[in-house]
Structure formats: C-alpha cells, structure tokens
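One chain, chain A, links the two complexes that follow: it is found with chain B in the first and with chain C in the second.
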Partner chain A sequence: MNSVEFRKELFAEERADNLSEIGRPTVRQDILGHVTGRSAYYDDHLFDGLLHMRCVRSPHHHARIRSVDFSAAERMEGVRRIVGPADVPKNLNTLLSLINFGKEDEPLLSERKTSYRGEPVLAVIADTERQARGGGPRRARGSVANGDRRRRPPAAAVRVDWEPLPHVLDVEEALAPGAPTVNETYPGNAFEYHGRYDHQKLRFGDVDKGFSEADRIVEGRYRMSPIEQAPIETCGAIAAPETGDRYVCYTSTQALFFSLSTTAKLLDTASSRLHFVGGTVGGGFGGKVDSIVEPMAVLGAMLTGRPVKFMWDREEEMQVGAPRGAELWIIKDGVAADGRILARSFTGYFDSGAYTRLSSYAVVKSTGHLPGPYTIPNVASNVFCVFTNRTPATAMRGFGITGVDYAIECQMDRVAEAVGMNPVELRILNAYRDGDMKAHRRVAKNTALIECCQVAAQKAGWQLSPDALRQSSKEGGGGRRSAIPETATDQVGRIGERRRSQLPAEPLAGPGPRGRVPAGTAGPATEAAPPQRPDMAMDWEREKSPAAALPEPARPSISPPPRIPASGISAASASAASPQAAEAPYAPKAPFSRGVSKPGVSRFLSGTRRR
Partner chain B sequence: MAKRKGRGFACINYPIGMNLGGDPSQALVHSTPDGKFMVSLSSIDLGQGMKSVTRQIAAEALGVPVADVYVDTADSDTGPHCMGSFASRGTHRVGNAVIRAATEARAQLLEAAAEELEVDAADLDTDGQGNIHVKGAPSRSITVADTAVAAQFRQGRTVSGRGIFLIPPSEANPETGEMTPVSCFAHGAIVVDLEVDEETGEVEVLELNSAYEVGRALNPKLVEQQLVGGAWMGISHALYETTEPYYPSREHGPVDFNSYLMPGPGDLAPHHIAVIERPAEDAPFGGKGPGEMCANPVIPAVANAIYNAVGVRCDELPITPERILRGIRANGGAQPGGVRR
Partner chain C sequence: MPKTPVSFNLNGVETSLFVDGGQNLLDALRRGVGDLTPKFGCNQGTCGACTVLINGRPLLSCLVLASSAEGDSIVTAAGLADGPNLHPLQRAFMDGFAAQCGYCTPGMLLAAKALLDRNPNPAREDVAEAISGNLCRCTGYAPIIEAILAAAEVMRRSSRT
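And now, the complex of A and B:
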C-alpha cells in the first residue's frame, strides 16, 4: 500500500498555509465523467456521411520515389479521393517555425523520397475504414499491384516505384564523413545551431584544468532506446465542413493553438476558418504535439466537402507516431579524493529520426540542465541533434531531461564507488544550494535537493552521517560558489566541417583556435513580463505571512472535506496523517447503469456518443 | 542461484516551463449575472487535472468558493491562446495567467460592491464563502451574487478580467551556452529496493521511498496522483518499455500492447512519498508542477539498485532480463554489492 505525507515543517517559514482553496483536495470538476466512462474522446463525435482516411507508407528506411500510380486504387469500391503531395498547399514545415526556430524540413506527404520506414506518401479517403485501410507501415507494400480488388485494400493497390537508398540508423555513424544524407535541409545530418555550429556548446570554467587537478577520472557511456508515449487514445482528428466557410476539427492534440496554427500554415488558409476543439481525456505524455493528424483531416474535409476522420491505429501509434527518441550520453568526471567533483564534461546525442520535430529544442533544454543539480566549478558539453533514417522523435514526459538524468545519476553511483562514499552523501556534498552559480551562468535560488535526499534516505532507513544530515539548501551556497570562472572556448564543429573530416565529438577537442572568456562574464537574466495593468497584479498581502497568521487557522490546510458534493463518489479526504489505508475502500452504491456502448443505436449519427 | 536484493538511490531537479521562454498563456474570467465565475482557457487537460488546479487558483484569487467557479477550455473559438500542455508549463504559466485575470475581475467586483455599500473599494475584503464585507466590520456586507446583479443590471459594469503570463524569449549563447532556461525548478529523490533473479535476470521492485519538492501542493490529491503514476512510469521506462528493442536496429518493433511491455498491477511496489513544499517566487501560490519530473529519478535509482544487487552496470535502457543476464555472465557470476542501510 502506498502512503503520502506532507512534510510541512520543511521551509515552513517561506510558506503560509492558511489559504482558502489552494492546498485543498478539491474533487475535479470532470471526475464524474471520467470514472463513469462518459467523458468524450475525439472519436466520440459522430457525423453523417463520415469518410475515413488512411495513409500509404514507405516500406523502406530510405528510398527515392521514381513514380506513383494510384489509378487502380482510385477506381476501387468506396474510394472517394486519393490525396497526394500536390494536394497540400504548403507541403513543407517545421514545428518550431511558430517560434522561429529551425528550417522547414518535413513534408506532410512526401513527393520525391522517403527517409524513414512508414513515411506517408499518399492518403486514401473512402466511405468506410475497411475500404480505406492499407494496414500499418510494414504491410503497405507499395510495389504490389493488381490482385483481387475486393480483398486488397486500396492503399496496397497503389503502385510506387521505389529506389532504395543507403541508410544510416546510428547517431555516431550519421555524423561521420560519407554517411548518407538523411534530410536534405540539413546535409550534415545534424541540426544547425545559431547558423554556426552543428551542436550546442556549454562552456563554464576549464574542464581540462579540472581533470588535471583531480585524483580520479570516472567515465561512463549511457544509452536510452526510443519509447512510446502510449496514451490510451491514439492520435487522431475528425474534421468537418461547417456553414460560414469554416471547418471544425475535433482533435486529440495537447496544444490546441499549436495544431491550429500548423494546420492553417500547411493548408495555406486563414486561421479564422478553423475551429478546433480538444479533448479532456485520453492522455498525451508528449506525443500529441506534432500536429500531423489535424492538417490531414482538415485537408480531407476540404477536398471532399465531407467529414473526414484520420486516426492512427495502435501499430501506427507505436511505429509511425513519433516516440521519445533515443539518446546517447558520454560523461567524464574529474573527482577529488574527498568526493568533490571538480570537472564534468558531456557529449550528448539526441536521435531525432528523419526530421526535426522538437528534438532541436530538447538539445538546448538539456544543455541548460547540465551538469545536473550539482555545483561543479568546471563544466563543458557538446550536444547534437542528429538525423537518422528512423521515425522522427518528439516530446515525452521529461523531454530533454529524462535521458540525461538517467546518465548523470548512474554516473554519480560510479563516482561514489570510485571514492568509496555513501552515494546519498556524495549527492549532498556536491548538491547545488541557494546562491550558487549554475553552468548556464544564472544564480540558483529556491533549491531543495539536499532536503529531498535527506528525507528519502530517512524514509528508507538509510543512515546518513551527522554532517550530511546537518546540511541545508539555504546554507553554504553563494560566496566563492557564486563566481563565474574564466572559461576556455573553442570553435570546433562549424556547420559542414564534420562532413569533410572526422572530428572528435567531445568538448574542447579537435583542431582550431582556442579562446578565453573572462571571469564574471554574464548577461542579464530574462524575467517574466510584468502584469500589463496594475489591477492584474495580485496583492500578495492576501496570502498572509506566517507571522501574521492566526495561531490556529479555522481550517487545516490539507484535511478538510471537499466542498463540492459529488454523489456516488466517496469524498476521500487527503489527510497528511492518515494515508489511504485508513479509509474505507470505494464501493458504488448501485451498479453502473450508464455503459459505453448502446446496443441497437446506430453509430452513424451526428452528435456526441457520450454525454 | 539465488535472488539478490539491491538498493539504489537517485535525485534530480526539473526545470518548469518551456526552455528559453517565449511561451505565453492567456485566461479570461467573467461573472455570470448571478455571481458565478467562468474561466475561459484553451489549455488542454488530457486527464492530468489542469482544469481542477486552475479552478482552485481562480477561486483563491477571486476570493469566492471553488463551487462558484467553472473552467471552460479546449475550444479555439472561446478560449484565448495557450501554447499547450507540455514542459510542465500548465500549472505555472496558465496558473499565473488565471491569477491575473481573476485579480482584475476581483477589482471590478469590489468596486461594484463598494458602490452598493457606499464605501471605498480598498476597505473591502472577501470571506471566501461568497460574501464581501468591510474590513473589520463583517456585518456591513453584501453577497457576491447581489454584487454581480447590481453590477450588471444597475451599474452597467462588467465583472471580468484578462490575464496573460509570459516569460519573454531569450537565446542560448553559441559559444558558452549562457541562457535563462527557466525560472524555477522542482526536486526529487528516491530510494528503490528490488530483487534480481540471477538465473533469469528478472527484476522485482519491492519498495520505493521518495521525497518530492513541488513548490506548493495546490491540490494534494492531484499531486499524489501524479507522483504515484509517475513513479510507475519510471519503473516501466527503466525495465520494460521500448519501440526498438534492439536499437539502433529497427527490427522486432512492437505493434500493440502484447509486444510492447509494461508492468501490470502485480508488478507495482508500495511507494512511500514525502511531499516537500518550498514555494517558488514567480509560480502561482508557489506551485511548480510535479507532472513530468516524478518519473525521472526512478529510472537511474533502479539501475543503481540492480548494480548493488548483482554487480551489473545498466548503461542501456530498458534494462531487460537479457541485458542483466549478459552482464552477470560477463562478470563470471553475480557480484552483490553489500547491504545498504
């Protein structure tokens, strides 16, 4: 049985616990729908005359398209329309163009070549899903034609003349001279940063000096395979023409305006013609930001004048839908005999797959995260966004951070072993504290790593030394630890350079001039924009300081019963002292009567299946 | 042949919000004629509970009961812009926008009440129960409902507010990586106890003990749900899941949940959580957003516990029985690292 406790005594002086609504276990406004199965998924929106869209996909890792013949598929029963690259008004995009980051590199439907197995080249729109269905990426053998028309799905009846090309699947091989070019927008197989380098650099202090002063050098190499976000509801969208020359789109998106803007751009239409409605259930975990299904569905509705559904099946979700990409991290630490880490260098690779999507952003995010939650005087990293002939990667819970945290924390275990220390005490010794300078040249504040280490160890019954237990995030930081050191720099890895000659990937290696950035060099921190008018600024006096608070608040902050009456729901109180074990388990008063399916009711209705 | 027990530790911090800023979110708040409040957003809540958290934030900032607030979202025709639900930005960015919108609406509410009570708006306060009263004189009061009626039917005044929260865009320096990545960080630490079968390479997670620092638990039940579920996801990521089991080879990719492995109910271990709250200065009531970060420390802690159990360094994810067995064989047998306590 799980348990949860709220350690209110920690940082109590920085927090008032006498708020009215904040801190209460209020029951969700949508919980009844969720627990009775009535909350609507996008697929619960029903339309008369709904058409179904399926993609024809490449069976090759990398192939040129010599020709496409869909005349047989077009004549098949139920097929309304074959959608090709020429039907997409602006058939090239990169997701982060919305924030001016990166070059357009990915078509919605590919015309000349495909760069990963499962890349779409055509879409079939038909009266029923069965008629449209071409199977998943591996069953879509494009070069097969003819056969029994009634049994063969139209997607398989499309004749594509493929010319397979050499492919590359490994990130280090992709950066080597002579590797096949995956993505012609980035001929070096790496995203280009600042128009200057094929990677993002981080330089703080001088790692080589740190390594030379160290008693031990500890090295590790860590790799994470791609994983699937695995939402219960697969990615998809239903689009339908509306009166007033508009299109409504019910979508699984995690980012409503991101998907709307991307659709408007690809279809070269005014965003005011699009009405997007998102869901409230189904899960996302990062895999529903890519905005592929929405433009496809809206395009289908525009071309046919009918409602069109484009929905991935589970196989597409797992093999064609973007996963969290693979990462490779190589870490080198210089450690003093007493456990202090004096220098840490990283070489990181994000396997972006065939297109950029969001991996370019993850590189910068991970760079800002290095060297982890520790104060280390010398840090350097080179992090690459690498293109390979696999399904494009995208965001997932912990994007840009999860992989490198795995690497850093396995590395910390190695360091603890190398110097013979308790691994928890090693973390506390090196932990960042309030006032410390971080490697991205901003001062740490509001830190709490040490307290987390102490409490977790205590809960597990893992003994720490009295000295480790005395430490605090609020003490011992700043001062000398807030200084920005003189920093060693280099100019290795300019765009295209790695294509011409083999270059080491690790920081401060390879030929070329070296530079020094003077100690103390840092620009101003970016601050949140202030409230645009004074009456939008909250009077924080209302959140009374602990000193001014009544000794005994009328309502404890954690354990009052929720104020929302929720019939049929046991109003579980979240008490700090009594975990769930103390409560009677939930039992319905009567059996559920409102099922999901409605026998005898046609699903070919307009409206919403669930209410 | 035996089952070997192991214990591993890991700790992390986690940046809240989109790296390098440039990610605004907006909110609109308005009162219905009888003093209930509607919060209009376009943010997506796919089950994580954002509607609930923003509802509580709006009620707190307005000074009205949460039952009198409803959050309407996910419709591009009615909700103002939001970048989306990712990067642990929902609570922080949307929550701040809701505070600003609710604060502006509250100012108008108090002005309307001041006109009805014939006092200065600065002398008024809410009791959080649906009433507005003169500070220090609770008997001189008017209900929020009566105030809304008066504002809209007698005074000709809206009771509504607009809010936007933006960390402006900044850039990373190409030479040094200098940047302002985000404005606050959540924290976590975990001890994992597990057992490795040295004959089959199978891992059974026995117990998790963790501490997560979340700024402020805006809704303790939602925090608990995130932390319990997130730790499960961490175990799954560490030991089971991948779309490419022989990466970088693309062969043997799973296509459904028969071949894409995850732990089942029987594989879940008891998880004892301590929640620590150190409010962040620019976060809504200090709350940082626990959603993404809670899975992260579990993964390396599992790897470190397996090393402690059988002496195999798990430098590749997922840590399958095959990889553990190959490691044990390469070492010439299991090499337990000793009891940690």
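And now, the complex of A and C:
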C-alpha cells in the first residue's frame, strides 16, 4: 500500500521529496552520548556553591491557609532563604496565556488556600538538600494510607495552620449544585469556553432527528483513570546568575521556549535576561511541559544570588507531577438496522485537577477529533474541562485523543453487538473516506481506516466479507458526503446556568433559544451550496498556497448571515466578513532593549563533569 | 557534620574523597568525584538508573553508603569504553537503537556487563532477568535485550580468536 500523499500546499517549496529513511536502520545522532553516559541532562552541570530548594506542600486535598510560621525554619542550620508567595512578582498564571487562552488561575506558591494535595505554599533554600528538607514539615513515617498521621506532621519547622475544606474528586460531583468551589477563577468548576459556555460545543446536523430515524439506540459510559508519566529523570532545573545581568537555567523541560516565556512572565522580567539550556530530557512523555520548576529555580537564584537547584524527588514526581487527567465519556449512538450510524452524541468530562494547565486545550483537541474516524451525518457534543481537588492534569502522549478513542472504539464494539454485525465490517461500513466532511468542518484527507481494518483483520486471521475487502478509502467519499448538513444550534450550558438550575450535562438538554444554521460547504461556494459561514471561505483561502490559488471565490451568497444570537460570535463573523482588508504582519512595537551581544557565563559553573 | 575519608578504585583510578556520614555513593560519585554517568532516578532503589558495579556486582549506588565503599573496586559507565574504543555492549546499543532518552542506559549497560562477565552465553530469559531491576520508561526493552544478546555474541567471537 504505497498511497501516502502529503499535504504539499504547506511549505511545499521548502521540503525535499527524497525522504527514504523508513524501513532502514539508522543511528540516532545523540546515541553516542547516551551509551557513554555523557549526554548532559540538566542535573549533569556542576556548580560551586549550589543551593537546594524544597517546597512545603499541602497535606490536604483542599484547605484554607490560616497562617504560616516559618520563624523556626529560618533559623535552622544551612537555611538561606524562605521563599513565599509575596516573593513571586506575578503570582498568578495560566500556561496557555502565552497564546491568550484562558484566565489566570494558578499561583506558583499559594497564599490563601490550596486546592490539591501537594500544592506548594513555601519554598526553603538551604546549603544541602537534607537541610532544605529539614526546613519543611517532615512526613509522618509509616503507611501512606494513614491519613490521621499525615495530618499531624511531627516536628514541623514550618508551621502551617490549615483549615481543611470539603473537597471534590469526581467530575460529575464537581458540576453538581452545591459542590465546593475548587478554583476561585472558575466558580462553576468548569473552564469557560469563548466567554459564553461552561463546555466546548460541537454541533453538526441534527442528532435528535438522527436518533428518531434510528432503529437502535446504543449508549455507553467510559472512564479512564489518571496516568502518571513517571519519567526516570524527575522534573527539575538549576538556575544561576550569569554575567551580563542574566540568569542561566538548565532544565528538564520538554518545551524550552514555553518554559522561558512562562518564567519571564511569572518573574516579571525580560525574556532576554533568561538563558535557558535544555533539550536533553530523561524521559518526558508530556509531563515536563508545565514550567513550574524553572520559575522556582530562577526565582531562587534571583533571591540568593547563588546557583539554586529545584529538583522533585520521586514522591513529588508521583504526587504533584501532573498526570494525564481522568476522563469520562458518555456516548449515545442512533444506529440503522444495517449498521450505519445515523447520529452520535457525546458528553465528555476532562478532569483538569485543581488548575487549567493544558486541559482546556485537550478538550478543544478532542472535540476536533469527534466523532472519531467515521462519517456520521449528525454529531453533537458537550465536552467539559472540569476542576476537581486532584493533582492538576497535563499533557501525555496524545492527550485529548487517547481517552476518547478508547471510548469510541469500545462503543463501536457495543454497536456491532447490538446490530449483530462483524465489528471490523461495522468500522469499514462507517469509516470516513477521502473527501468526507468531518464534524469540525474540515474535509478528511489521506484517510486510511478502511485499509488499516483490512490489514489488521488479515494479520489477526479475522474473516471479512468480499464486499468489505473491496472497499477503499479513496472511493465513495466526497460528493454529498462533503457537504455540511443543516445544523441545529442551541445555547444550553451558558456559564453559571448548570449549577444554578441543576441541569444535566448532555448535549441539547436544557433551556434557551434553539436555531438552525443552513446547510453549506466548508470552503468556496460550489454549485450545490455556499460556504456555511463566511469565515470558512477565509480559512480556505489562507490555507491555499499562492501558486495554487483558485479563482476569486464568489462572495458568500448566504443571506442573511447565520443567526447565532450572541455578541461574541457575531462580532467575530463581522470582522471576518472583510477578508480583503489585508492585515499588516506582526512587528514588535519597540526593539528589544535588554538584548546582549554575546551570551554571558556563570561564574559559578564549574563544568559539566570533572571526569 | 563530620566528614569521613574514603578511598576506592573508580574505573581503574585510585580515588579518595571526604564524604558525609549519611551520603550515598550515588551522590559521592556525582558531586564528590564528578562522575556524572550514574543517574538519579528514585533515590529509593527501585529504578536502577544509578546501577554501578562494585567488585563486579551490579548494585544500586543510591542504597550504598559512600563511607562503606572503602577499598572497593567500582565501575561506572564512564569506565566501559577503552579510550575511543567502545565496549561491545555500547556498540550493540548504538547499532540496535537500544536507547531513546538515554537516562536508563548507563545503569542498563552495567547490569548487562555484570551478566556477561558472569555468563558469556546467556539465554533471552537470563538477559530479561538481569535487567529486571532497571526501568526504561520509554519502554524500549525489546531492543535492549536484542542488543545485549548481540553484544554477547560479539564478545564470544572475539574471545575465541
């Protein structure tokens, strides 16, 4: 099957076509360093006078901080500095603020309350790691399950007066009326999408109509637990003052510039003062993008004028290291007797833990993935990014997709059972094909589900009918399957509404005006139909390379514009309605003022190794 | 805190340093001597990233008190290659793509070396058993086992000639 076709229109002239690596052994460019033990991970840089930072963490899932007394800790041997919330110049952040998505909701060090077990409230910087540990409350020895002993840390040098609050650890309970508010920024315990809804919506066609035409309704609930990435190298960073009024930071981050910008923001400093070195990561799997250790280490170096290492131990990696979040998916399918899925609705919950981190993005990503690699004429989904008193969740290997794919494929088996069909043939029957419209209004390209099913069935010795074996992803798609159906819209789930009035979370349930968006296409107008919304024609134009430009598409002929009666969206379509107004490319308002002509060096750096 | 002098042979070189009472060998090697090839993974003896050979036995340096290493002969990944000539295990790991992030690799190599020193002709099960205390979270165990078997083969051939 030599049928891979690349999207040539993107960077077409910059790409060579003579790639021939697949199927041949190759030697990794970094492997000589790995087998000789000389690859320099962040901790493989030695500094003279290195100080160690450890955090004082909450032993409760949810607790108010009445008072913090660190006077005893401050006097302990080797302790150089206690770092508190007041030392963080801008102590509220959300990771995706760098792309202007979401509200600031997470402090680097918490001042008033903690919302998950292990949330840091103070940091102790000391000469040795052991001294830094001694500065914090020691953990009760004995079993982890021994809750009572945990709540009474013996001989704590830092005394935190905690007032435990009721907590919530389940997504459905968090959305129920009367649930404790986890994160004050989002009092409804759900991320707010587009400033209007407590969930991310997807509406394609009319699922109610699809369900009413179906012969069978198949419903399923699917749950995934959190998964810790558990890299062998724990998260950490070493920061040190450099010449040239800069700070060098060696870090385990998977996202170097993301961590650099986040550090600059939290510490309210120019990013040109930060010299980040990374790229050699001892396993990440998504768990090293949260940019928490870097601002802490750099802050420590700023406050002490010395090199500071902030490294999580294994227990911290497992307890406060952000895992892949828990997910819950509820899928309802309307199926025809012959196995065609006519309508599919989703209610999805991402357990974001106490703060947003990247889960809000995972929700959008999963929504773009629905309804899986199948062409289903009516799709609706409500996906929630829910705050609970669990460890904040973050990226891990395909997050946003892995969980829902698991749910979808379990559901496909259930559907096959309900209609008494070979589950592989059911997938081939419903598979998307080249040219089909996906529910998020992009045309599917380079589809290969049918071929994958055929090969997998063959390798597993699974019988397929001659008809299923004849199918191809390249045939039978497009045409009528490339159009967007008339779509039912609603305003269910406006911010605050659900908890106030005890509304169920499923799509379409709830009050509020309903509407319909006329059928259309996702690109330029065709004889059959105009674009469904004006901004779709714009997207289409933007994606085409200049060389392959189509003749000027007719101005979208839909009139009046789709009725979505909300200020946010109509403003967006209004501004989108003038694509000819060419925007000037982005340019910074002022040149960088603090740039240095050559990188400085740290006077503390004593080498990457002495042997 | 009183410091204790300790001397051992590290990769063929007599080495002396002062260590703290509770300091483990991993920390003494990394920060005291400056041999950064043993890695910190868990500090509780579960991951194997800090494996070194002490008198030929693969041991977890995070669980060995530095002061107890007096007079021992210690081999780390830094001592595997003979100058620019890689050890057959290192060569086999390179050729067989047996490292991804590389963090577990030094410990993995030493666990393998201890096996091959003891048993030049191991079965696949012996190899799996020998590295069972070394975690690889990139989950590259199959190529690692292949590489160790390939290195054993190379070493057997070169010892015959």
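To be clear about the criterion, the second predicted complex is superposed on the first by the 474 of 611 C-alpha atoms of A that agree within 3 Å, B and C clash if a C-alpha of one lies under 4 Å from a C-alpha of the other, contacts with A are read in each partner's own complex, and residues count from 1 in each chain.
The rule is short, and it goes like this: a residue touches a chain if its C-beta (ideal position, glycine included) is under 8 Å from a C-beta of that chain, and two chains touch if they have at least 3 such contacts.
Bear in mind that the values here come from a model prediction, so they are computed numbers and not experimental data.
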| item | value |
| --- | --- |
| Contact breadth on chain A, by residue count: chain C or chain B | B |
| Touching partner for A:Ser381 - first (chain B), second (chain C), both, neither | first |
| Which of chain B and chain C A:Ala230 touches, first, second, both or neither | both |
| Which superposed partner A:Gly33 touches (first chain B, second chain C, both, neither) | second |
| First, second, both or neither for A:Asp405, with chain B first and chain C second | first |
| Partner chain(s) touched by A:Leu303 [first = chain B, second = chain C, both, neither] | neither |
| First (chain B), second (chain C), both or neither touched by A:Val281 | both |
| First (chain B), second (chain C), both or neither touched by A:Ala336 | neither |
| First (chain B), second (chain C), both or neither touched by A:Arg314 | both |
| Touched partner set for A:Val424, first chain B, second chain C, both or neither | first |
| Footprint overlap on chain A, where chain B in one structure and chain C in the other make contact | 25-28, 30, 34, 230-231, 280-284, 314 |
| Chain A to chain C touching residues, read off their complex | 25-28, 30-41, 43-44, 46, 130, 229-234, 280-285, 311, 313-314, 607-611 |
| Footprint of chain A on chain C - complex, ascending | 22, 31, 33-44, 46-47, 49, 76-78, 80-81, 86, 89-90, 93-95, 97, 99, 101-106, 109, 135-138 |
